[in-house]
Amino acid sequence: MSPAPGDEGAGPVDIGTEMRAAADFLSRPPSATPADRGARTSDLSMDEEIALHSIGWEPLQLVCGACLFSVPMGVWNWGQGEIAYASNAYARAFAGASEQLHAECTKVGGRGVVGVHVEAEVYRHHVDVVLLGTAVRPVGSTGLSADPVFVSDLSGRDFALLMSSGWAPLGLAVGASFVYAPRRSAGTAMKQKSQNIELTNFTEAMYSAREAAMERMQEAALGMDATGVVEVKVTEGPMDFARHAVSFTAYGTAVHLVADQHRTLSPRMILPMDDPVQAFDVSSLRG
Amino acid sequence: MADGLGQLPADDGQVPDLPEAAERRFSEGAFTSGLTVPDFAACLQMGLEPVGYVQGFCVMQWQWYGMGSPFGTFGSPFSGGTRGYTESWQCPHGYVSAEHRGWGQNYEQSWIEDAWHQGFDGAYSRMLEEASAAGAHGVVGVTDTSQPLGDLGVLEFRVQGTAVKVAGAAPPADGRPWTTYLAGQRLAKSIEAGLAPVSIAATVASVRVWAYCVTEYLTEGSSGSWGYQSAAAEIDQMSKAHMAVRRIAREQIRGRLDHDSLHGASMITSERELGQGDAELQCILRGNRVRRFKAFDPLPAPRPTVRLL
Amino acid sequence: MSDAPQDLPEGASRRLEELEKGLFTSDLSVNEFLLIKEVGFHPLGFVMGSSIYHTGIQTRKWGQSQELTKLTGAMYEARELAMTRMEEEAAELGADGVVGVRLDVNYYEWGKDAAEFIAVGTAVKAESGVSHRNKLGKPFTSDLSGQDFWTLMQTGYIPQGLVMGTCVYHIAHRGLGQTLGSAGQNVELPNFTQALYEARELAMTRMQDEANELDASGIVGVRLEEKSHQWGSHTIEFLSLGTAVVKTSDQVTLPTPLTIISLDN
């Protein structure tokens, strides 16, 4: 939505006048017929809301989805290869939470959810996934659209930037894999001790697990007919409660091009002159 | 009892007078303010004159049945004392024993929610009183906290902010200052976008999970004698509890907004596991209740830039 | 800069095949994604390489401050192997280069004396179809962010490769008294400052050698990292990293920036 025609020559807003207008408005009792009032709830920051407005979208309601999926006992005992129960629990918990988020968004009439906070925790006996975000829609649109609801952890600002360049989010693509660290036999251990060599069976196991998580994420994206996945967050590490078990998770926002082609933004380069006198700091050479 | 919107309680003599020190503080000339320098500058630019730093406290006894935890404690599902959400589950196994929990329930702990509101509203209304006494139109940069005081089994609620007067404007409709969590440039942007602050809004939802056998087994990972394969499933009772606690918080706030909107909300949920699959969930939802005061006028698309430094 | 290629695990090949079908993945932020498109590049996929290397040493109280050449070799090879595998994944996708490369080290409790070296980044390709591969015909690697890549491309310089040099140095346990008594021995450096200076120079020189192999004009964004890994405080690895660049055009299209003073905190 572009600014109204009369605004082009309006000049900067006088915030003092605006504040007085707001205070005077509050000094009167609220209007009886709230035609323009609509009980919205949103956890977006003011900057995000302004960015949304600049592309003609508005926030609707806070929506969320939660799902807990159990992991049977004994799953984390040392074994070989992938820990299927854990990978499956993670995928099912995420899918369950996403489904509820979708349903809530549709119920409030939103076209999609932005700014999703993803909380995914793996405990010894269950995987908990909670998704919380704000449902949004183009200003003034009503009724259901033919397109499926999208879900994304992009901030309102990133969503607006992406839409301005002709791309649109489709959903959260997620992949996870859990794997047992391979054991080293005593003989191999001794032989490897003094040499500088690669521990190939370890490498293979970690490598494969990492690739499996990424592959699942890609498959999820392809399933949404996406062209790409942006802002992929990859986490990996041993489980707190079972240090010999390692998890790899990857998730990002699946996107596709909706315009005929990518629209360039031509950013303006700026040089902030904010630095005080700064002495050379040798620690800046370090990473 | 006060609702979450800072309605001053009925004059039944329960609200104490302002402390003498507070009266002295406001009658003297220099103002105090919790604003940072940039926020202070932005306030002056908006024509907001800081009047003083206002605060309200309320200390609630937070011990129920002798357990000094900030979450309260167990309420029996048989006490029938809750209004609101409740959902129950029956054991599918047909196995009866003293240890086998054949019946379970999720229920809303409305007594905890009521007590929290009493504490919060008490602190909030006292802050408003201080602001009114100082002749303020509104309070900006509000922060609210609730924390246990040592080991004493009490919970202290604090609400504080900077009271301001709007130069050249009329005082609010019912003599009650408007309040907002925002301050400085964030408040200025909200005003520019056409949203006037009405009040801060905060609520708590508390749900107790009284697990039945299936929930207990799934949460503990044990399969009992019911087979290993059946132990990988969605923990329905827990998922429902998590959804319920967040839904209740949102419904409570929406019920009080009266067609105004909630912006810049923050939802914080915490869980306390009580063993054997039991748990207690608490969700605090806060935000700024705002009302549109001028027609929607979108700002032009911001110019993207890249910093060279 | 790279060794003979090693085989990639089967899982990697499957994932890369999917990417070749046209799906791209990247850990670039939205800002970086848009800036890379601005300079005519398109992301292809998230690429990774890793290797788990034995990094243990027998700790002895050596009397001399010296480079532990075997360990230097190991640390270098481990990272090289990870980077090479990442480059291979990028090459398989038909990439011109990899941006946003991150080198991380993971220590796992079950692998004592072992560490996992990981290299990750986003493979990119020029939309014009003109090859931007480096002198060795391999996709360039760089640890430049999307913003830095955008800025660099407008100066007429393009990245050639992430270059690194490493040196594992042991600092002697000897006290001052013993030091005075051993004047005349060639290897021992009596002054700790001298020892650390030597170590850092070795790391940077090796990094420079790598840049020369690529016929680079220079190295940007150089930084020096110091890690003790699992060896205790007397043994330190000095790692010097930077992006080698080459000048391709005298034309600098960098627009004059607007100078601003920001009044926000």
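Chains here go by letter, A, B and C, matching the order in which they are written, and residues are numbered from 1 within each.
What we mean here is this: a residue touches a chain if its C-beta (ideal position, glycine included) is under 8 Å from a C-beta of that chain, and two chains touch if they have at least 3 such contacts.
Just so we're clear, the structure is a prediction, and the values are computed from it rather than from any experiment.
Undergrad: Mind having a look at which chain is the central one, using mean CA positions?
TA: Per-chain C-alpha centroids ranked by distance to the global centroid put A first.
Undergrad: Which chains are joined by the largest number of contacting C-beta pairs?
TA: Top-ranked chain pair by contact count is A-B.
Undergrad: What's the distance between the Cα centroids of subunit B and subunit C, rounded to whole Å?
TA: 48
Undergrad: On a C-alpha centroid basis, what's the spacing between subunit A and subunit B, in Å?
TA: Distance between chain centres, rounded to whole Å: 25 Å.
Undergrad: Quick check: how many Å separate the C-alpha centres of subunit A and subunit C?
TA: Subunit A and subunit C have C-alpha centres separated by 28 Å.
Undergrad: Considering subunit C alone, which of its residues make contact with at least two other chains?
TA: Subunit C, residues with two or more chain partners: 34-35, 257-258.
Undergrad: What are the residue numbers in subunit A that touch two or more other chains?
TA: 161, 265-272
Undergrad: Counting only residues that touch at least 2 other chains, which ones in subunit B make the list?
TA: In subunit B, residues 304-306, 308 touch at least two other chains, as defined above.
Undergrad: Which positions of subunit C touch subunit B when the two form their complex?
TA: That would be residues 34-35, 147, 150-151, 257-258, 263-265 of subunit C.
Undergrad: Where on subunit B does subunit A make contact in their complex?
TA: 45-48, 137-138, 166-173, 178, 182, 186, 188-193, 196-198, 218-223, 228, 231-235, 238-239, 242-243, 246, 250, 253-254, 257-267, 269, 287, 291-309
Undergrad: Any idea which subunit A residues touch subunit B in the complex?
TA: Contact set of subunit A toward subunit B: 1-4, 7, 13, 15-16, 18-30, 34, 36-47, 49-51, 53-56, 61-62, 64-75, 85, 88-89, 92-93, 96, 100, 124-126, 128, 130, 132, 139, 160-161, 164, 265-272, 275.
Undergrad: Looking at the complex, which residues from subunit C come into contact with subunit A?
TA: On the subunit C side, the touching residues are 9-12, 14-15, 18-19, 21-31, 33-35, 37-38, 43, 46, 48, 50-56, 58, 70-71, 73-74, 77-78, 81, 106, 108-111, 113-114, 116, 120, 222-226, 241, 254-262.
Undergrad: Under the touch definition given earlier, write down the residues of subunit A that touch subunit C in their complex.
TA: Contacts found on subunit A: 154, 158, 161-162, 165, 181, 192-199, 202-204, 206-208, 210-212, 214-215, 217-219, 221-222, 226-234, 236-238, 243-244, 246, 252, 262, 264-274, 285-287.
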